[in-house]
Amino acid sequence: MNSLFTPVSWSDTGFILTGVMNTVTISIVAIVLGTLLGLAVGFLRAESSKVVNILLGGVLDILRSVPLIIQLILFSTFIGVMGYPLDPFVAGSIILSLYTMAFMSEVFRSGFESVHQSMRTSARSLGMSYAQTIFYIRLPIGLRAVFPSWLGVALSVIKDSALVSVIGYMELLRTSDQLISRSQQPLEILIGVGIFYFIISYPLSSYGRYVERKMAI
Amino acid sequence: MDYEFHWNVVFQNMPELLNGAFVTLHVSVLAMLLGIVIAILLAIAKMNNSKPYCYIATTWVEIARNTPALFQIYMAYFGLGALGIHLSPYVAVLSALIFINAGYLTETFRGGFQSIPSTQYSASKSLGMTSIQVYRYIILPQMLRRIYHPMTNQFVWSILMSSLGILVGMGELSGTTQRLQSLSFRTLEFFMVAAVMYFIITKLVLFSSSLLSRKLFKGEI
Amino acid sequence: MISIQNVHKSFGDLEVLKGVSLDVQKGEVLSIIGGSGSGKSTLLYCINAIEGIHKGKIFVDDVDVHSKATNKDKLRQKLGMVFQQWNSFPHMTVLENAALAPRIVKKMSKAEAIEVAKKELVHVGLGDKFDVYPTKMSGGQQQRLAIARALAMKPDYMLFDEVTSALDPELVGEVLDTLRLLADEGMTMICVTHEMGFARDVSDRVAYFHEGVIAELGEAKQVITDPQNPLTQKFLSKVR
Amino acid sequence: DQLDTVIQRGTLNCGVVLDFPPMGYFDENNQPAGFDVGYCNDLAAALGVESNILNLTWGDRIPSLISGKTDVVIGSTSDTLERAKSVGFTYPYFVFKFQVIASKDKNIQSFDDLENLKVGAALGTTYETEYLAYAEKKGWGTDNYTAFKSENDAYLGLYQGKVDAVISTNTNIATKLQSEEFKDFAAGPFVPNYDDVVGLIAKRSEGAWISYLNLFLVHQIRGGNMNTHYNTYFGSDAPADLIQSLRDNK
Amino acid sequence: MISIQNVHKSFGDLEVLKGVSLDVQKGEVLSIIGGSGSGKSTLLYCINAIEGIHKGKIFVDDVDVHSKATNKDKLRQKLGMVFQQWNSFPHMTVLENAALAPRIVKKMSKAEAIEVAKKELVHVGLGDKFDVYPTKMSGGQQQRLAIARALAMKPDYMLFDEVTSALDPELVGEVLDTLRLLADEGMTMICVTHEMGFARDVSDRVAYFHEGVIAELGEAKQVITDPQNPLTQKFLSKVR
């Protein structure tokens, strides 16, 4: 007869670390992909006509108006039913990246638009080509301006990555859920998890606000 | 594709889904209202610089902003449970949402307040208004406009995040969907309908909020 | 009469007013000119008790402005003030802007307050803008609104702080015209200004501020066209 | 067909819900264990292929099959006719009874004693449905009922005192009661007139594969594997009536 | 030579330029004055091909600016332009600002570009600011930077669009001095300006714009001090 309940012990460190690593991995993947896609879509939206904007906006709107948890379940089920089973990491990465993109694209769009038309014109009047204006002027200035908002979205992605547990990805929160079932010690484990998120998120968000304040001056 | 959609089972269960949607809506409304009340207190505490209150407010805000909502909900449910404090799933989700809303709204309120140029205060003062009058007629009405939009967003966020009720067996829209689909194994159909319902709810909220703002706020700032 | 007696004022370590004395008689128009940061605005704020002072005294009609016993809200009703940045209340129409203070401060009935407000708005030439929101108006119109709003309180004195500095050149004229009108009607005015032509033509006296003190004070034409103090000369040559 | 596919592939992708001890759970080394896991391994051995255990959530069971991620799900799936419209069931491989577990001092004798107690169960399970139906019939209302997202959470809630009693399966209750943590608890009455009969599930269209699985189940009993696993995870021989009802395909 | 021939330009339904003709000779300084919205900026943008035109032609050194065949990026290298505002690139130091276009547009080597940039920065009096970020400088310094940046492209013509309008009154002088310096050196310049003194003293000719047409064009002193057209008279009396 195997024992069902065993307290958390040092031998679980590896298991917890796997959870931590998985949370970190999927967050990084989503932030990187979400940022790249967001950049592209944000630029497209800043530059394109009203019609394109409404179409793009509609798609992004769905991503922002349906709870992430439902998107995850729906997507992983749907793609499975379609005959392309994905493991939770891949399915989770895709949805989390798209979800991130939806928010990032707004961030970058406002960044591109924050570079004043006159400044773009100044650049053009120096003989720079359209591409040079984007590369040397709008990107660097726009990206700087939106850094705090970007960081804000990135941090919320780290937090939202906890939801990928619902499709079976063994990230930190699901790992700890498992340990809780096994040990019946929720408080200790949850506090540990909370501290982990806090020490990642707090310094970064403080830094973001610091930068924001500095830029406001 | 090796899957036939069976929609009739979903429609049979529509009343239950709608009931879930109703729970979703009222847990978010309650979380918003109570969150606002607490956030006002926290924002005042933060701006007053009186040490102990400011410290409590800051701690609240930072924890709320820097840990996942899912964590807050587990904490309210099982974390507090370990201490012998038993919240029902509804109350656990509600209190987690209140906690987070209050944390985020505190910063919204503070920012909104600080965004009113101090010259508005001087100008009002120079007309002989008392401080209370300045707040009542000049500062607060302008502040309300500025925080209205972020507040609407926070409300939408609450609606979406209440879907985490699924994880503590709460009977809101997601929880209900989860239960119904596991009885018939019609996962896709049920969750698609739930997604559409969430979409409609958030759009309705945004739409009525913009109607209301047009009624409330005449001039632009 | 406004009587300023040896006023000192600091912000932290920075002494902004270093002993300013000045009397402004009823009916007089005084312009204050001077470089940025010389303390011009600060002086106006001190007269209005929006800022406190550290030494000296300021009397408005023999009331000690900075005494604890003075009801400052009451006092400010006597002193209309208009600032450099348009301080219209963006959430109210033009008429509501001008009627608010009479109604809530002077406790007029709504109808009375609106009547007063309308009168002053017509006075400054905004008779056709009652229901417009200020953000929809030009800077010059917003400044005239600010003037009407102050006038609606029936003040005995008006303080103007560079009311044309933030305006497009073409809009300066209309605001100066309004000031001129007030001066002609006999309003007692202290105007901080960068418009030398206005200072010369409209005011009775001009005070030149330099680093927190009055470096030169005299009859308007003389100070602007024939300044005595080398500092004033240098300043005037720079702003031409 | 599926059978050939598995044999040619050389691995059996077997879905298990590891959230449902002792049928499926993580042991102290955080490795999959349980009755269902044992069955997976036996099936793979019978086919002469590698066994690949996939950890599923309850909701994953159907999509994983339809998408081909899993060949079979051994996950205590109740064989309702509603579900059989969506997925293919084998003969039963296990029968649960739904039972109440509550702290000893509650002294529950009959199902009707639950009337004024706080009762919990895992969300979307058959026994949740049964309890709610019973409560409705008796006019108890649902105020005293708490749903949990999983079986594990339900026990955690019971342990913490969130609820006074939990409806679960007799097997799960029996194993829980052997643990130190649940020494103050006792098994209560069964849910009246209901047995939870569970089968393996596979794609509805794979008739040949399902008949292979059916034969496999017969051999598990005939060859004694069933009893061995029962011993490992439940601490006793499989009861004769269970074996008999499985033989009868009840 | 810049030759503008009967140029028409609309934004949607709004006709902003209604047939403008104007020749600017090499070495000439032309000032454009006129009310807000009269199309002054638009004309500069059209010369620079930043905006297209709907009728007429513009030639710069006999190149048809708006012809499809014209390489516009190339053309703009000939035409330096400085705007009212938003000129400096805030993410680069002063030196990088000035060296960027020579490097990436003219494909100079980094060292060459920096040399050119340094020379022009010294030219406008920013020799001590190479490593400063523009946001740390006054508006006047930023405008001079913008001028140096344009000069670093060795343009044949300079277009200035109200380069002093956004500046504090005390900073206007230093920028006008820089323009004067360029004029003295023989640069061909078109200056949209509100500074009548500057228009009168520095430019050869002045054009008065009114609602998209040139209402008066003549020798500078004459237009400013003795305007013939009643519209010009009215405008000048307003801006005094």
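For reference, chains read A, B, C, D and E in written order, and residue numbers begin at 1 within each chain.
Definition applied: a residue touches a chain if its C-beta (ideal position, glycine included) is under 8 Å from a C-beta of that chain, and two chains touch if they have at least 3 such contacts.
The shown structure was predicted, so the numbers you read here are calculated from the model rather than taken from an experiment.
Asker: Could you run down the chains that neighbour subunit B and subunit C together?
Answerer: Common neighbours, subunit B/subunit C: none found.
Asker: Please compute the angle of the rotation superposing subunit C on subunit E (C-alpha atoms), rounded to a multiple of 5 degrees.
Answerer: A turn of 175 degrees brings the C-alpha atoms of subunit C onto subunit E.
Asker: What chain is the most remote from subunit A, judged by the mean position of CA atoms in each chain?
Answerer: Result for max centroid distance from subunit A is chain C.
Asker: Using mean C-alpha positions as chain centres, tell me how far subunit B is from subunit D in Å, no decimals.
Answerer: That gives a centre separation of 38 Å.
Asker: Provide the C-alpha centroid distance between subunit A and subunit E, rounded to the nearest whole angstrom.
Answerer: 46
Asker: Which whole number of Å gives the spacing of the CA centres of subunit A and subunit C?
Answerer: 53
Asker: Residues of subunit C that touch two or more other chains: which are they?
Answerer: Expected reply: no residues.
Asker: Indicate the residues of subunit A shared as contacts by at least two other chains.
Answerer: Correct list: 73, 77-78, 81-83, 166, 180, 186.
Asker: Could you list the positions in subunit D whose residues touch two or more of the other chains?
Answerer: 59, 62-63, 66, 153, 156, 160 - these are the residues of subunit D that touch more than one other chain.
Asker: Judged by the touch rule stated earlier, which pairs of chains are there in contact?
Answerer: A-B, A-D, A-E, B-C, B-D, C-E
Asker: How about subunit B: which of its residues touch subunit A in the complex?
Answerer: Answer in residue numbers: 1-3, 62-63, 65-71, 74-75, 78-79, 81-83, 156, 160-161, 163-164, 166-167, 174, 177, 187-188, 191-192, 194-195, 198-199, 202-203.
Asker: In their shared complex, at which residues does subunit C touch subunit B?
Answerer: Checking each residue of subunit C against subunit B gives 45, 48, 50, 73-77, 79-81, 83, 85, 87, 89-93, 100-101, 104-106, 133-136, 146, 149-150, 153, 159.
Asker: Which residues, counting only subunit C, touch subunit E once they are in their complex?
Answerer: For this pair, the touching residues of subunit C are 35-36, 165, 168-170, 173, 194, 197, 238-240.
Asker: Could you list, by residue number, the parts of subunit A that touch subunit E in their complex?
Answerer: 116, 118-119, 121-129, 132, 136-137, 140-141, 144
Asker: Could you pull out which subunit D residues touch subunit A in their complex?
Answerer: Per the touch definition, subunit D meets subunit A at residues 19, 21-22, 25-30, 33, 55-57, 59-60, 62-64, 66-69, 150, 152-153, 156, 159-160, 175-176, 178-181, 232-235.
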